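After this come two complexes, each holding subunit A, first together with subunit B and then together with subunit C.
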Partner chain A sequence: MPITIPPIDLLAVAPEIAVSGFACLLLMTAVFLKGKGGWVNACVALVGLAVAGWFALCQGAPRSAYSGMYAADGFTQFFKIIFLLGTGLVVLVSVKYNEEENMNNGEYYALLLFSTAGMMLMAAASDMMTLFLGLELLSISLYVLAGYARNRPGSNEAALKYFLLGGFAVGFLLYGMAMIYGATGHTDFAGIGREAARGADNRLYLVVGAVMLLTGLGFKVAAVPFHQWTPDVYEGAPIPVTAFMSAGPKAAVLAVMIRVYAQSVSFMHVDWLVWLSVLAVMTMTVGNVAALVQSDAKRMLAFSSISHAGYAMVGLAAATREAVASVAVYMLVYTLMNIAVFGILALVARKNEQRTKMRDFAGLARSNPVLAVSMTILVFSLAGIPPMAGFMAKFYVLMAAVKAGLYWLVLAAVLNSAVGIYYYLRFTVHMYMDEPEEKLPPVKASPALVVAIALSIIGVLLIGVVPSAYLEMAGRAVVSF
Partner chain B sequence: MFPLLSVITFVPLAGALVLLFVGSKNENLIRMITLATGLVDFAFSLALYYGFDDSTHAMQFVERAPWIKSFGAEYYMGVDGISLFMVMLTTVTCVVCYLATWTAVERNVKEFNISMLVLQTAMVGVFCALDFVLFYVFWELMLIPMYLLIGVWGGKNRIYATVKFFVYTMAGSVLMLFAILVLYFQYHSATGVYTFDVLKYHAFAFDKNLQFWMFLCFFVAFAIKVPVFPFHTWLPDAHVEAPTTGSVILAGILLKMGTYGFLRFSLPIFPHASLAAAWWVSWVAIIGIIYGALVALAQEDIKKLVAYSSVSHLGFVVLGTFAFTLRGVSGGIMQMINHGVSTGALFLIVGILYERRHTRLIAEYGGVWKVMPKFAFIFMLIALSSIGVPLTNGFIGEVMILVGVYEANAVYASLAVVGVLLGAAYMLWTFKRVMLGEITNEKNKDLPDLSARELAYMAPFVILVFLIGVYPNPVLKKMEPSVRNLVGQVAKARSGGTAVAAGVRAPDGLRRE
Partner chain C sequence: MELLMFYGFGLLALFAGVAMILSRQPVTSALLMILNMFCLSALYALLDAHLIAVLQLLVYAGAIMVLVLFVIMLLNLREKKGIITKHQASLQVVGVAAFGFFVMTVVSRLNTAALPKSKAASAGFGTVEAVGRILFTDYVLPFEIASVLLLAAIVGAVMLAKSKV
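On to the complex of A and B.
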């Protein structure tokens, strides 16, 4: 069989090229800046993200590129925007933090950009090879980022834990992929779907493979029971990195799960419905209940991010077109609000992250009322209370699930969100109703952080009050499903 | 057309936005702006009252515009004879509250007033919204300022109380949210239309079995809000810890949202389920009436006493509502207004005492009438109104409910009478212990009587007590077409679709012209 080289579609991968290119540029500037002027690095990173965003916006007609390995459709585009937005917010959150922690160098931002490229590749993957490439690019960058505060033992522990467990999970993933390939003879999702739909003889291998794939992806999205690494890693990693990990990568894995389970092996929809529903309920419940008892804000947010992945998985289980759109909107909103919350936490935690306890928020309403109000809006949004975007996002997901007839799953989700209220309220309790234990100079947000918080609050209120445009955008993005 | 309802809803929010730009040192300016906002809003609501056409049950002052197109959710506002009075009650109570907090709140005045104004917007919105999503947004939005009011400006145990309040209410609300979504898709699968229009749901006959489960979800949400026994445990905590105005708003308006929810949603959307549930809801209401009154008798803290009396009074409202008779339901609405007036006033009275002595224990008082005669007079009037003595508003409401319930079931009515008697007992006994006799406590010797401002904010409630008590017709007349329509909807379900049933006969007892 002669090897044909597929036509090169540069426009489809332009965002990835831009992000990777700027990441390389950052490695160069880092050399010339010699550790000084970290904000230049941040600016370069932001420009890179903006350029990539522009490329993503003018991606052109939906198409399949590189002989079916890469899908340049509306779905990819929507998720790319989420990733770029998320990484942009993380860069803004990082500037001052990194300066204080003395880690404001080019490599940090380069790693952020590389992992963003990985995420984009994942969202665009329509082949297991592309998927694996993206996932590894993302993961390896994240392992390094988790340990970036190299003088802090916690950060080192996080990196090591993440690396070891992550490596283990990738083993499952690869083995699953191999099984699926063995059963169907295809690596592209469409081919697998076709082959499987014919009722292959090797159905057992296919199911085992798909379950192993689910295990690997479940690890990455921190679905219960594959979540054990999350609290420690999230707690140990530098706060901006935690913010990054909690949003973008989750969205990327969910995008992959949607492609694999809602599209490719959807012939076994009923089976996946049960599996994914069980995972979703466990993820929501365990995340919520564990978050209830935390006294450390960072750890609490880690658990709460687990439960948020659970809500998104409710939409995944429904697996209709609306559900897919709702998951996309959910991840957009979640990215917006969660990163800003971590940004505020980074500020309150002060130097060396010594104050990440919930009660360190005490008295914030007096010392910095604007910041306290921002935090209030954001946590109420996370809790899913209208008129904030968190409510609309949740509403959209629940709506899709009700439409798919998953009543009991929706009941579990709404009861969980009632439980979730309790721990989100603790932020406001401390900020407004509690006296600080010791007198500290008031915290002051850096301009970059102010921009990040302002952006996310505007987004949260806009999507919360007039969600029409965003929902329609998401609706258009998923027409291919 | 002038968007009157939107104006009434959002004027307070605009006031809150103005306050954002006022320096927090200018406390008096902040209070003035808040009060002015409240008065303007009240003036608009008067326009609503006088512009209201009492010859139809149709929604009036309707405003609708597409909001979330992909869901079919709309910005849809309107009032009928039921919600009109809830809106009026809200605007009046809020003005009174803005006056009453003048000196009671000294800490974070700006934040307090902003919270109050946002709360007012949400409350008016709840009563005007005719789209489920819009309703839910206002319904939940209301929780945030109330949570802050109790949590920041409350008493010693405020954090426990406010979190309990929030989580309880939220637990009910999310069940309602679930039910709303189920109805939405049921409606769509039957008609092919995606809509959250409440009136469309009224006109649609949902499957009886579905009705039962959906009724339960809504019931829990509203029962927690009312609160109906046994969902009442958050109420005493919240009331005792809340600042005076928080309690007034809580008792005067927030609790009414539960009973309003029964009237606006449960009865018309689930008539079959409502009829089927009437017997146990009535029993639960009766238990609430008697239990609330008995527990109130045993209280040593005046505020807790008033809080438990609310449980008892709201039990009457629920009982009247689930009698499905014209008199019962109108009496229920009447009693919602009355309870807002008299219990709101009682909380203000407790607040006045508390501001002077910083205690709410009944045992600390006694003989207060000697030093505060004006106060004693007003307290007496309000206590009588709460008991339901003729010529006061409470009488009208209670009698209508009892007659309405009697028409439906004599046993329920006779049991409810026990609650009336107990109500008289705890109210009069409290009045005696606090106000009458000799001054036994040295500290009460030189309590100042009511100031002009205090008289000013008690005045609207005192006027309303007599106005409604002596001449309730304007109120009844305005609500009649809507109530008649509501009762008709339930009756239609009872008779299986054939027109007029027992509940809709001429309301001879209502018309006293």
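On to the complex of A and C.
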């Protein structure tokens, strides 16, 4: 019996193909470079990301590809651009750091690209198969990247901890998927949604499955109470990897949550609303309160990234089109500002990451005023102070939540951002008002890092001043799904 | 008969899994894991998924576990004293009991809930031909992603294990 091969829509997955292809190319250039000229690897990675970005931009009309496994719509496109931008910034941040830490080889960038491909597949997944494989591609690359500074015990610990807990969480995710499949007989989100809306006899199985799915995804996005791994892993991993982990994967999981939520689980809207709201409040509060008492900047940023996931989940709980668009913009802004902050931290931490304490920022305003001003702009944006983009992003998310009637959730978010301002401003206080404890040569940013910081500051200011253009873009992207 | 075999293999798989964790000898653990994999493959066979059952035996119980055994023997691991103290042990008992109660509640509720009617398996379900056909038609994208996933895993494993970069 002949097999009829279904149409192969290469243009839809062209960004993933480009990214994976360039990752393979990096594995080969690494052989020819023999450990020298690490910047060539970074350039190859950047070219790969640019090519993928080009393909993502000319994706064409919204459609479903590969027998409903893959959704090539505006939503996918928007998130793909976020991921590619984030990975590009991380590559720029990595160049100098990796050279100093002697880990500037092709495999590092190849793994970054592989995990980017995984994130893009997650955002595009409209079937649990694609979702799971994308998530695994992302996670496995991240486990290795977390342990990339192999001579540092902290990095080894981070990798092992992340791997064990990540494997455990994936078990939950898979079991939840199996439950959902058992209850509906479908693995595609649309089919699950149809089946679930029809009958009530399988409702309990669906609820248990959905809770387990939420547990697995909550682990990946580091939502409280599934966040315990975050501080240790973020602290132990090399700083550029931490920057990468804190931005892209979070956006990817949120994209998945939005899609699962919108396409298949909306039939039990009420349940999800309660769960997501509780998760969001806990995530914001625990993240912020724990960040308050940290003296290590890397750990503090880890907790602050937890709280940011909480703000985004407020928008998720609101679940209107407007809210989803604002969450997408939030992830864009968050990616821009967070990676740049980690880039500056990598610079201040110096060789071997020995100075990651908050007070190591002391005197930065005098030794490198430009860097201090950049850092100030970025942390103001993280704290959500106008006119930076962080404020506008938060504002739109909260406004969408108000329109959806989630007043107490908005109240919690506002109180939390007030707490957040305190610990973000500690950076500024240290930089402008403290004297350094010891005399050190002033830090100097590498050209690549300057480009990365400049790009994100331009982005933060641009989105902060004219946010409506980006919100409209995200709104158009959301409409198509 | 089928039900009897299901319970037999299921209980054996559970026993092997628990004993694997409890055993202090790495080699014993590895052998128990092989037993676990074998029982799982029997369960797959009961589900008419013959190809998966054979692959489970060949790949997991065969290739991978033999490799694990080799590694354990090459590393020549010694028995290690556990570092669990009394206090932690009591906490563990409480935790296991609480989790067990939770699971029992959920399972008992699930048992009373009506299951959706299962569709009859199509003719030739679970054969090499059927799986191959579906892999190259409906599931061609996940199939390809799996290859990238394996490549990334290999690169990562080599990266972490290589003595000098």
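Throughout what follows, the second predicted complex is superposed on the first by the 473 of 481 C-alpha atoms of A that agree within 3 Å, B and C clash if a C-alpha of one lies under 4 Å from a C-alpha of the other, contacts with A are read in each partner's own complex, and residues count from 1 in each chain.
In the analysis below, contacts are C-beta pairs under 8 Å (C-beta built on N, C-alpha and C of every residue); 3 or more make two chains touch, one makes a residue touch a chain.
Since we're looking at a predicted model, the values are computed, not measured.
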Checklist entry - Is A:417 touching the first partner subunit B, the second partner subunit C, both, or neither of them? => result first
Checklist entry - Touching A:441, do we find subunit B (first), subunit C (second), both, or neither? => result neither
Checklist entry - Of the two partner chains, subunit B (first) and subunit C (second), which one does A:2 touch, if any: first, second, both, or neither? => result neither
Next on the checklist: Between subunit C and subunit B, which one touches more residues of subunit A when both complexes sit on the common chain A?
Outcome noted: C
Checklist entry - Which partner does A:407 reach: the first (subunit B), the second (subunit C), both, or neither? => result first
Checklist outcome for this item: Within their complex, subunit A touches subunit C through residues 3-6, 8, 13, 20, 23-24, 27, 35, 65-67, 69-70, 102-103, 105, 107, 110-111, 114-115, 117-118, 121, 127, 129-130, 133-134, 136-137, 140-141, 143-144, 147-148, 150, 159, 182-185, 199, 201-205, 208
Item to check | subunit B contact footprint on subunit A (complex, rising order) | outcome: 365, 369, 380, 385-387, 391, 395, 398-399, 402-403, 407, 410-411, 414-415, 417-418, 421-422, 425, 428-429, 432-434, 466-468, 471-472, 475
Item to check | Footprint of subunit A on subunit B - complex, ascending | outcome: 66-71, 111, 133, 136-137, 140-141, 143-144, 147-148, 151-152, 158-159, 162-163, 166-167, 170-171, 173-175, 177-178, 181-182, 184-185
Item to check | Of all residues in subunit C, those that touch subunit A in their complex | outcome: 106, 109-110, 113-116, 119, 133, 136-142, 145-146, 148-149, 151-153, 155-160, 165
